[in-house]
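Think of it as A, B, C, D, E and F in the order they're written, each chain with its own count starting at 1.
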Amino acid sequence: MADNLSKKMISCTVDFDRPGRQVGQFHVPFSGNDDAWGVVPVPIAVIANGKGPTVILEGGNHGDEYEGPIALGELIRDIDIEQVSGRLIVIPAINQPAVQAAQRNSPIDGLNLNRVFPGNALGTTTEQIAAFVHDVLFPLGDVFLDLHSGGSSLDILPSAVIEPGNTPQKHQDNMRAAMAFGAPVTVVIDNRGDPRTATASAARYGMTSVGTEMAGKGTVSIDALALCRHGIRNVLASVGAITRPVAASATPTRLCKLSPLAHVLAEDDGFLEPLHPLGTEVEAGQACARIHFLTQPQRRPVDLHYRASGIVYGRRQPGRVRPGNCVVVVASAYEGEPA
Amino acid sequence: MADNLSKKMISCTVDFDRPGRQVGQFHVPFSGNDDAWGVVPVPIAVIANGKGPTVILEGGNHGDEYEGPIALGELIRDIDIEQVSGRLIVIPAINQPAVQAAQRNSPIDGLNLNRVFPGNALGTTTEQIAAFVHDVLFPLGDVFLDLHSGGSSLDILPSAVIEPGNTPQKHQDNMRAAMAFGAPVTVVIDNRGDPRTATASAARYGMTSVGTEMAGKGTVSIDALALCRHGIRNVLASVGAITRPVAASATPTRLCKLSPLAHVLAEDDGFLEPLHPLGTEVEAGQACARIHFLTQPQRRPVDLHYRASGIVYGRRQPGRVRPGNCVVVVASAYEGEPA
Amino acid sequence: MADNLSKKMISCTVDFDRPGRQVGQFHVPFSGNDDAWGVVPVPIAVIANGKGPTVILEGGNHGDEYEGPIALGELIRDIDIEQVSGRLIVIPAINQPAVQAAQRNSPIDGLNLNRVFPGNALGTTTEQIAAFVHDVLFPLGDVFLDLHSGGSSLDILPSAVIEPGNTPQKHQDNMRAAMAFGAPVTVVIDNRGDPRTATASAARYGMTSVGTEMAGKGTVSIDALALCRHGIRNVLASVGAITRPVAASATPTRLCKLSPLAHVLAEDDGFLEPLHPLGTEVEAGQACARIHFLTQPQRRPVDLHYRASGIVYGRRQPGRVRPGNCVVVVASAYEGEPA
Amino acid sequence: MADNLSKKMISCTVDFDRPGRQVGQFHVPFSGNDDAWGVVPVPIAVIANGKGPTVILEGGNHGDEYEGPIALGELIRDIDIEQVSGRLIVIPAINQPAVQAAQRNSPIDGLNLNRVFPGNALGTTTEQIAAFVHDVLFPLGDVFLDLHSGGSSLDILPSAVIEPGNTPQKHQDNMRAAMAFGAPVTVVIDNRGDPRTATASAARYGMTSVGTEMAGKGTVSIDALALCRHGIRNVLASVGAITRPVAASATPTRLCKLSPLAHVLAEDDGFLEPLHPLGTEVEAGQACARIHFLTQPQRRPVDLHYRASGIVYGRRQPGRVRPGNCVVVVASAYEGEPA
Amino acid sequence: MADNLSKKMISCTVDFDRPGRQVGQFHVPFSGNDDAWGVVPVPIAVIANGKGPTVILEGGNHGDEYEGPIALGELIRDIDIEQVSGRLIVIPAINQPAVQAAQRNSPIDGLNLNRVFPGNALGTTTEQIAAFVHDVLFPLGDVFLDLHSGGSSLDILPSAVIEPGNTPQKHQDNMRAAMAFGAPVTVVIDNRGDPRTATASAARYGMTSVGTEMAGKGTVSIDALALCRHGIRNVLASVGAITRPVAASATPTRLCKLSPLAHVLAEDDGFLEPLHPLGTEVEAGQACARIHFLTQPQRRPVDLHYRASGIVYGRRQPGRVRPGNCVVVVASAYEGEPA
Amino acid sequence: MADNLSKKMISCTVDFDRPGRQVGQFHVPFSGNDDAWGVVPVPIAVIANGKGPTVILEGGNHGDEYEGPIALGELIRDIDIEQVSGRLIVIPAINQPAVQAAQRNSPIDGLNLNRVFPGNALGTTTEQIAAFVHDVLFPLGDVFLDLHSGGSSLDILPSAVIEPGNTPQKHQDNMRAAMAFGAPVTVVIDNRGDPRTATASAARYGMTSVGTEMAGKGTVSIDALALCRHGIRNVLASVGAITRPVAASATPTRLCKLSPLAHVLAEDDGFLEPLHPLGTEVEAGQACARIHFLTQPQRRPVDLHYRASGIVYGRRQPGRVRPGNCVVVVASAYEGEPA
């Protein structure tokens, strides 16, 4: 029934069955204090040509991650339709209210879209958006590509992210697609098994499912954007949805994982001095960051230490830090078989 | 009378006339909803030894600029008092409420401390802090060093900033002290003559007056912090307040200015893709940035262009941009005489 | 069990089985930051006399719609109890926190009461209010009248609204009761099948279910209030709950519907100039409104166009408009059989 | 000195001395948490041709009053420059931050631009805008036209407003210019002598100074906008700044004033039912409005009464009302000599 | 499955099976705008020695109730481990975000932790905390002690609170443990059967379950803290978890209950004058408080009256009062059998 | 001129020259987002009879201090006019917006009324209120009584407060009037010479000037209210404004002062355990309070110490404490001559 309600209550101005390039919106009904009979208008494009897989490309899952939405907008406007074989369903700003507000979570209901899958057609706006993706789009798709960046609070080494698959075959499919992205680093992240992310939900649904992380810091990275533009096309080519990839990256990707000890958390309320740039090789036990107490200059700063060995994969962007904040993330070597 | 009121109404736990190292606070009376008889406690240190100039070192003028406060905290705790000849008055987190909130302007009255000098002893908290600096500290000082970074909204090439002096002699003094900082770039900035900044106020008061800009992005830069640590000591040595500078920078500083055409402003509401890293040599007329419209993927992005030639000195950090926002700043060659 | 929980956890100071006029409250437990053991006190009246149907009259479902609550307050205070035959259960300000705040949705949990039916006895305040209506009041009722106005964001042609019924008989009942209201226009609205409104929930429960829309603009309309005062009594008379209607309207009501093309949505961020007063006959394709860009006077305004033919039924009240906002609504002719 | 500071600190992209049509901005420096080196960009146009007076036309003094800004935007874009004899300086959205926010007062500093004249070049943003108007524009002008509407909180009979002049001659000039506007009603309003409004400041400066009030309710009135479009041109023609007026209004304007008893204030916290449409002839002592207590239906409403006789000139728009709110305003006959 | 998800998604740094004293945290994943990959760090201690029952001691269920968290912190740091026989699982600040904010409900999702049990491992932060307590801790426990105070909005007679048990035996157990606390008053409170509190949930789970109320007023009571320190140890001794109680209270506890008429609610918007100190013996019908209208001095205050006879058990702390606020609570004699 | 502007711009419904009892308002013009032409209505009463001094009695200077406003409301309604000899001007809720909001400072402009004297007739609302008191009321008065309590953030020993007078005679007058209040403690407080309080401003104006502090905690104290009711009448009798005092207090008042070491400030961010009740005799150096770290139970609490000997005069009410908060205040013996 949920499927029917999402289809019924949310109108969509594109026709998924029509060939060619369409750019439209789906309209999530929204009855707020300032607009009783309005909608949240989420942009969506369908680019279909000939036979081939259906790929769902999503950007703007979090509203402060910009490389994916920029590259997807360019794909929508500029891709040569003759290159497509199959169907691209592109939603470059899926969490439209969060993108407009340039913040991770929705300003409407405070929810993180990537923590509410499979959504709820009768829930709040973020839950309704997730339900539309899950109930209306997933049934149409073979491959799901969810483009993230670090957002305002993190700086992350540009990388593709492998969603653990349900079956060895699916895991291989996910790994192969992720590695096709061509990032210097490819990382397996399992989020402690949290089933509520878009990629986890897509993987459960049976799709080949890939994510990315592209710098962050609440800004647009020149380098990460260049990688993202290439990577999207390379993934599309690897699954047979477009005919020509861009030139492959010269350096092979490094396969990593986030272990349970990857994250270092702050225990004090202060200001964060990082000690190493992203990509530095580090050892467990080594000092990774220092917390300063700027309004108490007589107090000595406190050091934090890596808990795993590997490379510095991500770190907190804002200088202000409070207990529980993630300060640094280390990616360790992945010992499994590459795809 | 203002002088008397600042001294009378604001108590201070350090004795400016005592030799040795003292770390204390001055207490700006604050009678808010949550604390009727409290104070804003601003940390202050006095480090005095022998004869020599009095240098006032200020950090945290804006609350989201961290390199200066960190380096000043280290100076307070670690400087060998035997090295000092004269007196250092160090206020590493002068806008204490803004530093605690990690935002540019004060959360108490919304004011920008660097736009309220010379302050008002009977005004709001930010005005009272400025008045204390102006009425109580300036009369004690010979040299004023105000350590800024780009803050949350800007990324700036680490640099010393020369406050235009009242007289050719003073201008020379300011320039010489700024160049001693040892930054790769030293920049003359006049803020269109705005008299309300701390350095402009100090210069009017007759002090040698120097500022800095140290990266920004709302985070702590490893490189800028290293520069800041050295630069402070080099400036102190150049004015004779400490006996030993750290080793001078190998590469000489590049002398620049911000012309009236230095700033490029956004005219659209969108998301900003920068086109060049900081430090790139650019020409007036060249495209400098692109505004994307993420929720309207059918709309082509709009290009912005440099208005001056020189090097990219600063740029907007947040991806979200609105009309009037400063997008990029170019530093042009300074044609005047170096110090 | 839900029924039992609403009855158990929510105390009510009126006795639904007692004849005569009682004015009291039901108390929804509320444990907030400012009142740990308090309640949300929702006013409720019971006016019972002799035999006849039980009619539930609801106002204040949205907190910024005033004609219904005013007219229901007058009914509670002034109706001659001898005129009643049956029982009136009147809840003039059902969403009490929203009415106090004079905004559409609840300030407590941000929810729209008209999007949470059938509610949840263990949920947040708005869900608990809906559950009380659904679990405790609906079992007592034969007829449900929900009095809406356009609210702060809309101006709507005063009208009765027919909730589509489950069965042809029920549909007829709803239509007959709605037409008895005596508004110049009576409209069938199906909300794309959204099951979460009070009237949809009441209709599913098997009650005769009628709604209204009375002007709006966040103010009280002199004309709509006059219509509302008469209309309530006429509906009560039509279902046999009071003995005397007020004089019927001379002009017969016009039967309309909202088609899927009724709504025109804004696509730009600007300021809205409407082109026609409510009630104007318009054609699909005709310009309906213009979006101006007040801070960019060099930019020409953009026109929007009707998508359906009919009469202008509603339009956006605030001049400020953003993409997705409902700008104008057209009511088309209803081709079905009148009641 | 203030004059010099406004000119120095605020850059302006139009040249007041150049003939022809220019549309640009003046840039008020703004150093906020989200934009350290940005500006508030206020749109301004100069349309100059031949000899004649300089007229300053201002809209958007309050950010939720739209007819003036719309009509001024059209004037900027569409006026035939050959019709101009003299110079029009048009600032259609003078309080740009308030216009963007669609609220009366500035979201930046909370100030009402029309209560801070003559401004302060070293103050907050709203004070700086006023200072630019006073220090830079007033010296260029002969006539000042300030276009207001009722805004979100009031509905006002469309009318021209006469600012009391310093001298009988000036008063005559103001009256003549106001009556040229061609509104059905022309009203003398003295604001109890408050010197801080734009028109009072302009009048003190020696300019012919006229205001308007155009409906309100936070929306755009079709009728008031039509009046405003004509009225602006008629005023320009009456002072000789354009060659052709539009056709004069058939019905002569009615000359009124607001007496000290014009305003009726609420004394209770409740919801407002108005009793008469705008324009109704009323007597002092007659009931003018009723306050209802929607969440206490057992409580009888309270009536308010007119304190002056005349016509209903304005009334409160929002239904929610609190003690001290202005509920209704009566315009009485003006007994002075018409112009 | 819920159990598994809480265990899987929430990591915990203490080992429940290890003897000795451990102080650590459990980490509830939190992905907010300011920290994408962070956690809410909830402090938890395990103190185990020899054989005996497992007692779960919880403080900070509401974030503005301080005596329990203070006394539990002392217990964690100071209890002689040799005194323990069994296991103490101590969570002194269970609603960590609310404790940091010093407010009743969570600043993250607005929820009251004591109204969301048994929680939801896939819900919002407060629901995830409750799920951890329910799914991970309850299976380990025999006895549950939940330490509340009146919080910011209430002042309550320090007392132990008996949770009604599922069976006569359990009821006896709860009553015996509550009476062991040694408060002057012990009260049976049933919350109208609300099943969502921690103690109700623990009782349903089969644990011996006891609560407390310790003064309040948003401050720390010297007397209530002294009682709390003793009471915790006495309860632990009574269930055999520690070997030595502190000296028993000389005066026996008075056994009371809250009847359905215990609470007096405000009906007016004003300022509250209480008429009797806590502990006063009062009669139903007697005046209990007066509502003043401070901004309308001509208006006479309104009296409220007790609805039950007994002793004044609690009363509203803030002077500002609105309709529905709980003004005073009377505890009546409990007629049942004492334990 | 300021005097004239306050009189001109602020209308007042009472006639200060008329004998008898009048209760009215003065209307401070307020043009806010929600009410363009409204006022802030401040209640004021004049009670005049026969010959004698004019006493200005003020309550609600801070909006969360209730005993004064309650007692002044009772005085207005209930005093036997025959008892009066002279004139009482009573403003029980002078900061009306703060009283309505039940917070110390004004919700309109964030200002503390007791830090803006002598005000500004052209400033913001709080400054305009102060200007009305200073420019319009002070010229009418002989004696000024300003009734404070501790407010939400402090609990203070009920006491009269002596404003230091300009001359020995005035100091004697102030002391005599303060001691007449009959509080157990009478305290000289000089606020470090801050000239911006109402009583300091009144004293400078030449009036006999007295303040009070009445408990606090954001609530109404039964005992302090009783004292306040008596004290007001005793002061009025002592200056000859009413004929009969109430019975004098049996215990003589204790004369104290606040020395520069009276206040103990917090230096940590935590939760406050006070160690002594108000009124306890304490010694400098003794521990006065303990800061606990509730979310870090492994961390030992930190003790604070008295800096002066005397009695505990006030202490912080909220348990949450941050650096700079006033934790405790000690009143020392006053060595000067009693009146």
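Methods note: a contact is a pair of C-beta atoms (placed from the backbone, for glycine too) under 8 Å apart; a residue touches a chain by one contact, two chains touch by 3 or more.
Everything numeric here is computed off the predicted structure, so don't read it as measured data.
Taken together, chain A and chain D share the touching chains B, C, E, F.
Look at the CA centroids: the one farthest from the centroid of chain C belongs to B.
Annotation: the A-E interface is duplicated by B-F among the options E-F, C-D or B-F, judged by over half of the residue-numbered contact pairs being identical.
In the contact between chain B and chain F, the residue numbers used by both copies make up under half of all numbers at that interface. Remark: chain B and chain D have CA centroids separated by 41 Å (rounded to whole angstrom).
Between chain B and chain E the centroid-to-centroid distance comes to 49 Å (mean Cα coordinates, whole Å). The set of chain F residues touching two or more other chains comprises 41, 64, 295, 318, 323. Shown are all chain pairs that touch, namely A-B, A-C, A-E, A-F, B-C, B-D, B-F, C-D, C-E, D-E, D-F, E-F. Contact residues on chain C toward chain A in their complex (touch as defined above): 62, 64, 103-105, 110, 112, 114-115, 150-154, 191-196, 260, 263, 265, 267, 314, 316, 318, 323-326, 329.
Contacts from chain C toward chain D in the complex involve residues 23, 41, 43, 45, 59-60, 64, 66, 69-70, 72-73, 76-77, 90, 92-93, 96, 99-100, 102, 155, 217-220, 222, 225, 271-277, 292-298, 300-301, 317-320. Against chain E, the residues of chain D that register as touching in their complex are 269, 295-296, 323. Partner chain C is touched in their complex by these residues of chain A: 5, 8-9, 11, 27, 29-41, 109, 122.
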